[in-house]
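Chain nomenclature is as follows: A, B, C and D, assigned in order of appearance, with residue numbering initiated at 1 for each chain independently.
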Amino acid sequence: MLYFENDYCEGAHDAILQRLMETNMEKMPGYGEDKYCASAKEKIRAACGCPEADIYFLVGGTQTNAVVIHSMLKRYEGVLSAITGHINAHEAGAVEATGHKVLGLPHYNGKLSAQNIKNYLQTFYGDANQEHMVFPGMVYISHPTEYGTLYSKKELEEIAAVCHQYHIPLFLDGARLGYGIASAASDATLTDIARCVDVFYIGGTKVGALCGEAVVFPQKAPRHFLTMVKQQGALLAKGRLLGIQFDTLFTDDLYLKISKNAIRTADRLKAVLIEQGYQFLLNSPTNQIFVILENEKMKQLAQHVTFSFWEKYDETHTVVRFATSWATKMEEVDALAALLLES
Amino acid sequence: MLYFENDYCEGAHDAILQRLMETNMEKMPGYGEDKYCASAKEKIRAACGCPEADIYFLVGGTQTNAVVIHSMLKRYEGVLSAITGHINAHEAGAVEATGHKVLGLPHYNGKLSAQNIKNYLQTFYGDANQEHMVFPGMVYISHPTEYGTLYSKKELEEIAAVCHQYHIPLFLDGARLGYGIASAASDATLTDIARCVDVFYIGGTKVGALCGEAVVFPQKAPRHFLTMVKQQGALLAKGRLLGIQFDTLFTDDLYLKISKNAIRTADRLKAVLIEQGYQFLLNSPTNQIFVILENEKMKQLAQHVTFSFWEKYDETHTVVRFATSWATKMEEVDALAALLLES
Amino acid sequence: MLYFENDYCEGAHDAILQRLMETNMEKMPGYGEDKYCASAKEKIRAACGCPEADIYFLVGGTQTNAVVIHSMLKRYEGVLSAITGHINAHEAGAVEATGHKVLGLPHYNGKLSAQNIKNYLQTFYGDANQEHMVFPGMVYISHPTEYGTLYSKKELEEIAAVCHQYHIPLFLDGARLGYGIASAASDATLTDIARCVDVFYIGGTKVGALCGEAVVFPQKAPRHFLTMVKQQGALLAKGRLLGIQFDTLFTDDLYLKISKNAIRTADRLKAVLIEQGYQFLLNSPTNQIFVILENEKMKQLAQHVTFSFWEKYDETHTVVRFATSWATKMEEVDALAALLLES
Amino acid sequence: MLYFENDYCEGAHDAILQRLMETNMEKMPGYGEDKYCASAKEKIRAACGCPEADIYFLVGGTQTNAVVIHSMLKRYEGVLSAITGHINAHEAGAVEATGHKVLGLPHYNGKLSAQNIKNYLQTFYGDANQEHMVFPGMVYISHPTEYGTLYSKKELEEIAAVCHQYHIPLFLDGARLGYGIASAASDATLTDIARCVDVFYIGGTKVGALCGEAVVFPQKAPRHFLTMVKQQGALLAKGRLLGIQFDTLFTDDLYLKISKNAIRTADRLKAVLIEQGYQFLLNSPTNQIFVILENEKMKQLAQHVTFSFWEKYDETHTVVRFATSWATKMEEVDALAALLLES
């Protein structure tokens, strides 16, 4: 069986397991107060070009979204998101469970536009009945998006400008951030992102770690953020598990290096698909590829390859997603290419 | 420096890291659908003597308490707990954050009594204004308790009988469950516990794992429990991390074996302290020891040993906690004994 | 100044104030246990043709929506609503504040279609990832809608059939229910509504009362509904205030009689507007009229009449809402007609 | 039957109904934007000696407590209250339902002491693990308390001083405030209270109104308070109902005058009880009297008088509560006295 179902079907990068072994019996304080967390934070600050950043390590993506959003919104505020945003569609209502509405905006291949955000805010603040409505208190974007697409540096700057104008924070969900930065299609670096947003996270779970997301507040975390993390059950006792992983990922540029593997293998897979005349739902420059398959073809393939059902395209076609990752081998792509050719 | 501050200052048992290494590049589905989770569940079912049990793996203790309690209470219900219960005192209001009141009852060395629970329930259901109050919807006990004490099998049965009589579930927080079962002071086995309670968890974080708690519903989990876990941000993408750890811990009785080490070292430490005339806050038969130290002595010791401040005893004395764990070496206890002797 | 801004700008129908006076010094129990509440419930049961109905009196509309929805949804469920539904747009996130997502569906002049609801439910239950999403746990419709439109008996039956098929309750927000029943445009009677839905409320605030909404569960209220009402701060100590009002409104058909006045005056106003060539946003057969005005005209009118801004139509036109009510006098409509003619 | 069960068993003071009649058909804006609300606020500001106060009218007591507390606490904060406080015991968990813990402190006849509050805060801020606990974010007191007792001006000032020192707001629940001010036993005036606290409310429901509580922020309400009121379903469409009532109660000192009636009748009843040798649970100087009755006597009385069961005193005695109100007639007290004498 070939696995292209998602980007979290293996364990962790070898170097991480190695470091966990080496440090295993060292005794250290809990809750992220250990030296590996401290070291990882320093390296991330350097990589992001924000020496004053407050950084926290959380365990998973849905958790991180819910914790960050609930910690930054006032209780009468909701969060603006593309209707395709992960928080709106695939997190079991985790944001609403903390009392906040997700205010869905139209998307363009998974992206929000600065203009749309601005229009929403203008209309809201122009409405005499605004006090009877949910105040827009944050903008949430994902980068790469749920469709594998990316914001350009200019697009990020424009969205940031609207947010600043209306004094609401901009939050970037980077569950797959490595794959965005490693892609040739975006000019936005870690430093650009850290400059544009008020908070973002660097995904570990999908980019080489066993688990873990690094939340970066380029300026300052909300007061008592740790207590809020604890209150939502997201504070890991053995914080070292996260610190050691991120310390490893941010040593010698490992995070970027392994991210590039996902892009290389995805690019190769795309080339194969194009060659063989497949149609794409959209052009995605990262590690997720959305292909339109005939239903029959899909069934055949499913006997040899795992992939994700995305959505029905029409009566006889289906959109499926192939995902590569830091761990995908070029031979696996070749094997998939052979399969596609055969069938 | 000697570490007796808590039972989570090392990484994981070697066997766990070994298994993580061996299985690292195997590809498998996420969210606990992998074969290691399945295998771990089978072994836990066998160890608990409940072949039909529903089992879920969560990441940490506060998280597990909040998820279990919120998933089993109706929205007009609260949870009965000793006022010293972890959920009442040290979880940053995680239960209340889900909308439920913790109904505090008096404790006896950290324990609830069946009689007290019964009195509370009788009084409640005898009150004509009950509909204006929080309905008692669950009993929460920890075993071992926050004071290291244990319920006997008989005590568990009595509490279970009251709960059954009033049709409310009994939840046992087993963050340190191994240390309870390994202690000679309690006759309650895993099987007894699984028979008495409606839900409990087997703590991994404090007993040899990097992270992880195994939630056991001896009969049946609440409907859509997985969705509720997800909604609270507690569903791990790479569920294998938890499955592999618990599979290892429940292979060849490893969980019990390493738990016994904590008891042996704690017993030895207690013997030393008694020998030297120290007073204890209470008699705790597990891995946490509560000693009353003169403040001067405490300051001296603190230069060489870490321990937890527990509470002020009087103007010149303080209660401190020493904790051993699966990883504590007898030599460390001896070194501590030497220190205590010297000073 | 002429008032057509909304349907709650006067006090209460005279008969209500009269009854409040007459009964004022009678001593009676609180919290809805008084004889007037009992009598009102009996009369409403009779009017709705459901002798076993559980009935509760709440104070206002947003409150009633939040209480009913939160009391009937499981915590992993959200509520399906037209995106124009009051709960989705104009209640400050009251539903989300209780932890539940409002799942917005497209609307047709403020209405949901049975087919759309069915499609949503089919797609949801066909999705392999449904456990990572918000379960659809209820359908919310308003009747009349926020656009003054009405469901036919057949449409209600079709929606009810879908709900029954999927075992989720149907909730009808009747904040303006009187105006729906009094309109010639719908064939759905109180009895039809009570037969089709699982819960609905009969609006008092906008139909002749000082305050108050009567929540009707044609079969059975959720267990401990009163406690949930109390928990959300919606239980009135002097429940008599609500009981006496609804007892009066349901004596000698007063509720329907005064509702008809709103329809008569609205119909007359519509006739005048049509005569004078005004365009409508849509055809609304109840007490709310949505007219497209030139911006200049709107400004002139605003000096003599109050109305609601609804939305921008284009650069030079605006949609405004005129509302009549139980208290609107035909002379007021005539005065407005004269004003429209003049200008 | 004689009614001494509570202080809300009649309707409203005549003058209020009169004003509701007179103003009934006046057309005015909703949501508290009407002239009667404005006038009532001015009169209350004057009565409280705080010309800059922000004032809002809510409907009931539990609602007001939940709205005020939830609007002023940060999400990681809880509210300190006597364990006997209404929010802790008798509001169905309304505060917890908004996500906040009620931190119970010991009470002295229903009162908190400044010293106890200070000790709690000192201990909390001295605890190295404070970030894992619920931050104390507000002090809640009721005046009169649930036991009918009162704080002296000095006690209020002392509590206020502690709150200021720790920068947390002081909230006074004045559901029965009139009966506190009218009592000879407290020297704290409305002005004193407004000077000492950060927010309080003037109870209408129990002091002459049909419903309604006036929330007073002597300095400034939290930002977007109205939206938070709306979000909790507590914003009345016909705000005039509350404005007219409070405008009447604060015209010609009506509020104080009618409050005095409750005190006069309670004092007379106490005198009768003392004369006849009854024992009191405690000395309560307001309109609630807590008497210890023999169970037999209690049963006899219950055939002719309504009162509240308070608690079991011992095997043969029970504590019951008699309450007078603005509406109690001296003849009713005399009739009760006669009954007590007879039996």
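Basically, a residue touches a chain if its C-beta (ideal position, glycine included) is under 8 Å from a C-beta of that chain, and two chains touch if they have at least 3 such contacts.
For clarity, every value in this text was computed on a predicted model and none was experimentally measured.
Any chain bridging subunit B and subunit C, meaning touching each of them, is among A, D; the list is complete. Among the remaining chains, B is positioned farthest from subunit C, on the basis of C-alpha centroids.
Counting C-beta pairs in contact across C-D and across A-D shows that the higher total falls to C-D.
Work out the mean CA point of subunit C and of subunit D, and you get 34 Å between them. A straight line joining the Cα centres of subunit B and subunit D is 42 Å long. Spacing of subunit A relative to subunit D, judged by their CA centroids, is 50 angstrom. Contacts with at least two other chains are made by residues 75-76, 91-93, 97, 99, 131-133, 227-228, 230-231 of subunit D. If the chains shown are joined wherever they touch, the resulting network links each chain directly to all the rest.
Those residues of subunit C that touch subunit A in the complex are listed here as 75-76, 78, 89-93, 96-102, 104, 128-129, 131-134, 309. Contacts from subunit D toward subunit C in the complex involve residues 1, 3, 5-6, 8-12, 14, 17, 20-21, 23-30, 59-67, 91-94, 97, 205-206, 210-211, 227-228, 230-238, 240-241, 327. Looking at the complex, you find that subunit C touches subunit B at residues 70-71, 74-76, 99, 131-133, 135, 224, 226-228, 230-231.
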